[in-house]
């Protein structure tokens, strides 16, 4: 009998980038129709469900899902007792992790959590905020906010607890960050019982390895170049120490070919130096996955 | 000093039709920029705020807003103690009122509220649902649902409480309506203290009159026709009894002009009859507002 | 028991303007979902079906539909034996009727139907074209064209038979009109048996009257003005003779109010003249329907 | 032989609203194809050309165009010697006229034209700005700016001369208005020689009258109501003094019908008062044109 | 003199994916303007024409085209006598081939071709359907359908013959597949005389090879990894037997580099196994073309 | 202290392809908000400004910018004294360079610059055109054109000087090219003083090298294949002589692996030949950058 891993995929603004992320890892999801929340996937051992990231920790904890991809912020807000198998940094706009912050108007007198005594706070993170206040011994009214919180200050709330990636929405609403409650990244979580099931655990570990391999590849590129044997040492000394390069012989015995994987964001400094040090025919090529 | 009425406008799917509705009533709202939640309006006595309809009852009750437009469903869910000044029927798609319903899979055994004992219900209307279950002496787990509820049955919930206008989303998910908790229309609500302030009350009453006048006009048209005096009685007998027609003399003493306001949806039956009864030069024209 | 008239609505490029046309006449169609070909309508006596205009004549002739709206071109191409109840001139772009034309390259030697002997003609109107050739005693190969014909000349066909409204697509492909086979307008057609059914006939006649009333109104406007009694005759002499104006007394006994329905495209000449002849407070207002 | 008036229509952001404006006046323009700058119009006596508003004054002055619609700002910048026949206030966003302003950063020391000595100014209005500086005896470098000026301060220019309708772009770039060089509205201009031609002058005057009639109608509505004869005087005293209402007898001798044209933005105050004063069946209807 | 191969490209829903397919093969098509049906291509030896896939077999058979890309379904429907040079599986949505099926309502009594006697069938495949019925000795009325067939059952037709890729449109219309007439893929076809021309045949064979190479590459990826010499045998035994891997020496004599081309859909199973077997620095990279 | 290079990026139609070009080179630009003209970039040593290409030469010459990317046409029109560091050929539509041409109606008598004496010329390139006329001793009126010039001939101008890439806009307006004033490509320009600053010069040279590397890679691909040692010479003789291939030993001593970088547009001829000459497992893969 075929086994299935039931996995929660975060519905909403991260949905498309999550599908793209899985595609790079080798799993192709497809919406079977406009309304459906059961995407199809080309792996018969997976049963994906599109669910709001806020709810995934709850359903994984309860065992309704075996596993799920969601943010650390919602795991914490739910206080969910789940296994965190892997951490990924990816988002729509940047590679910055999400921060859950306490924010207030720039010109308000609120400069720390202690200035919130007796105030009203609007947030989607009601439980996270209440625990935060409790830890600091502050009493304030925490109201669940259905829509964007930024607009509510100061008329409808004194402060807010929201997530932010670049801070641009806060700046646009003349808000300052008073405190950071949490730095959040995406996590692959698993139900505690499912984690003890050998088949499910192996399945989740494979998914984690392939997702990580795809994420690595986004920030890495391959480099090949031809190098005079005489310059080999000086040129390899320029290369990042992370991994040894592959050195292959060439037809011309005075030259060798070097191949190495490097971080993409080092290339623009590295290439001019390699060229000046005598490397020739330097070629950069793209990668799909890298597994160390 | 200029006085202001602070009024909540429902943000979200009804926003554009609400703006259009107010425009017909004579108030022109404009988004001052993409991010802003403070639309401008060409009446200096109004200070509008765009707020989720779920939250408007709470803010009106607390006096943070003087008045607001929102659904009866959210007034009830909040259990808000506010003055309901007027009721309007308008929506994106139809003139049907919204119904808040209990729904379950067609092939589930759930046929009444009493079949919910011990089940799990997903809803955005947590408080409304809890009071409903309590009234019927049923104990069930009510979970707040961040996203669309329809998809959650039967895997993540046994039943749902959702609003529906045409029922098409329920049908598309193979769900049946088990019970109707509430029939909801849009209401103009006012804070109890504001309602006792003479200026605010007059301001709210004027807005209600103009909104109602615009809504009337959407379903009415003006008719003019020339009628032989000899046929006047037989023709007027065809007209709806609602209001007396305006009858004006014409240059030709054997003819008179009749003018009347009628419901638009009666016109397609009325016009052929009027024509056959002898009316000539029948003209239908559009209306902006009608105040009885 | 409720009776129903089954009516074919032309699916495709004219669909939206046909819906808008019926809406002006007082019938509101709505697509019940993206895929559906059974629009809903707010008249329980109508059962509309969205069908390609090419096929409507055939289905009306066979009695599968009681009535339908389609072009004269397709009635002729089908050679359908149906009752034509009304003719309407409306389209996406202009008020020009559609012409079905024989076209060839500007620099081809084809200047009349007689130059087609032995040639190849691409067309969607296979039967219409074959009858046309037969009438002129010309033998040519007529090929059904799945896609746009204009592109096929001269490589894939020597000449084409296509419909055209403004001729712009022909000009863009360097084609000339060699002959006009048919001038086509939209027709309301009825099955011969249905036309003999009293209820169906009355229903169709009402629809025709209201559609015609809406179409009239698009090209007419209402005018009102105040006129010194002394100038009444000279001013009324400027008005189109079509219908007598409504003349009403005013409070000031030296003035009267005149009201009249005129063609919109005469207004820009008429208004300056009326103003110069002494009319005051000239007001033009829009109309929904006009039934003479 | 048919005569033609060659008229320049402002190409660009105002194009669609200009077409809509002419359509209300009774002239329907149509782009004959995507690329064309010769729109068609349903008046054979008009030959329209789509031209940038900056260039229309020059071409009208030179007689290449007989007439044109353009802004006062560009007439002044060109220093064009033309006849201004009519002035219209309309735009994409608001009814505010355009202002051509001198602007600088909020925190710059530039507070009047005299602070510009030796500075660099970026503008599309090079000639207007140079004359303005000359009038104030200030010497500064005026540079033609191809793109948006707002971004250039302070890195690429010390101050700018730009047009603004709502000031929102200036605010968004942290700029203050230092001085207003010109308040600009749309003008209908005519070549001096064409203005002396009787046919052309009459044609232009008719166009001006109809455009003005359409513009009037946008800000006016018709009101009808039934009034007890006893309250006639008190009710008419509420009406704007601008024009006498049309008072018509009704079948019931104790009531009369009143009809009047009023400014749309007075209606929301007027209607509640009329209703309270005893008017019944108050109906507001839209207008196409109003010519006093 | 330069020779040309005139090739038909399927116009319509497959057009963009066909252009993308050729681009991967090394031929860049460009629409020279919106209306044109003569795309340009960066190979002077090709003369492409955009033609409906239904018509390509006819024109290739007649020699108006030398070659063309079209579906097996239309080759069969035309009964065209052409040379089929290559078969490709690609489409907009999936890698499934197209099936031409006979379909009827789920609740109809039609369960095999023999239930069609005397019925009405709507289809775009008139000839294919007639031959199919004839083969089974069934007499039925086959009607050409201009628009979508699915909607016609049961009111306008008893059954339909349509193509389907995923079956979703059939399911959405509550239709079942009664029989499969044909499984269709895309074919590169050549005119019989052109196939005997040496230059044209070589040209077509090259195109076929490059298209196939591009299609191969879409489903393959390159893998590189470093492997301890001691584990080489056990690791290579995990690799697909299809082709021998390239094994290269490395600087460290205890390690070798392995490079191999594998099917992309095997990677997600293969990578975890390779890693566990001792491979390091596993890199997957994308391919443009693969020619065995 | 961190140094910065202030660089002008051409705002407008080339903006997106310029951003994409820099991204391939390793620099990621991001618009920080809709209005901003200061994109962010992931290199802290760069300070980019979005400026119209027409103005970049002026600002680089004046030292307001250190460097900029713009067209040779605008460098010439400005007569700017700047250092041209690199030349790139890329554009929205094709790899054709831009030409600045003198154009006139096909049927005008204008066939050379000498036919322009006393005529009126509309252009965005006023200075370039005036110098061109002066060189040829021709006197004509050169008028700055705010909008598209093509439409102005012959009514508003006798000839125009415009840039063109494919000539399609000229053909569409029935214009012929009379003379070519300039063939223009994109240049990386540097202020003369900045070029003497060692840090800025190295920074600019690195940018130029990486941009060139990315541009090279767009037109190149990598090829790998396995070759019998016996055929090695005959196969390498088929390869472009540009660079020596990398030849690596394989496990099977009778075969070697060849790897080479070739121009993408040679591949469709090369691959069939290689295959026929005995190469196996031919793989083409994409490249990010190539630096010779």
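Letters A, B, C, D, E and F name the chains as they come in the text, with residue numbers starting at 1 for each one.
The rule is simple: a residue touches a chain if its C-beta (ideal position, glycine included) is under 8 Å from a C-beta of that chain, and two chains touch if they have at least 3 such contacts.
What you see is a predicted model; the values in this text were computed from it and never measured.
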Fewest touching-chain hops separating chain B from chain F: 2
Chain D and chain B - chains in contact with each: C
Longest centre-to-centre distance from chain C, chain (CA-based): A
Shared interface numbering between chain F and chain E [over half = same, under half = different]: different
Chain centre separation in whole Å, for chain F relative to chain C (CA means): 53
Separation of mean Cα positions, chain E and chain A [Å, integer]: 37
Chain A-chain B separation of Cα centroids, rounded to whole Å: 43
Chain D and chain E, separation of their C-alpha mean positions in angstrom: 59
Sequence positions of chain D contacting 2 or more other chains: 248-249, 285-286
Set of all touching chain pairs, with the criterion as stated earlier: A-B, A-E, A-F, B-C, B-D, C-D, C-E, D-F, E-F
For the chain E and chain A complex, residues of the former touching the latter: 168, 221, 226, 248-252, 257, 264-265, 267-269, 271-272, 275, 280-286
Chain F partner contacts - residues on chain E that touch it in the complex: 25-27, 32-33, 42-43, 205-206, 209-210, 213, 217, 222, 243-244, 246-249, 261, 285-292
Touching residues on chain F, where the partner in the complex is chain D: 11-12, 35-38, 49-52, 54-55, 59, 64, 145-148, 151, 155-156, 169, 172-173
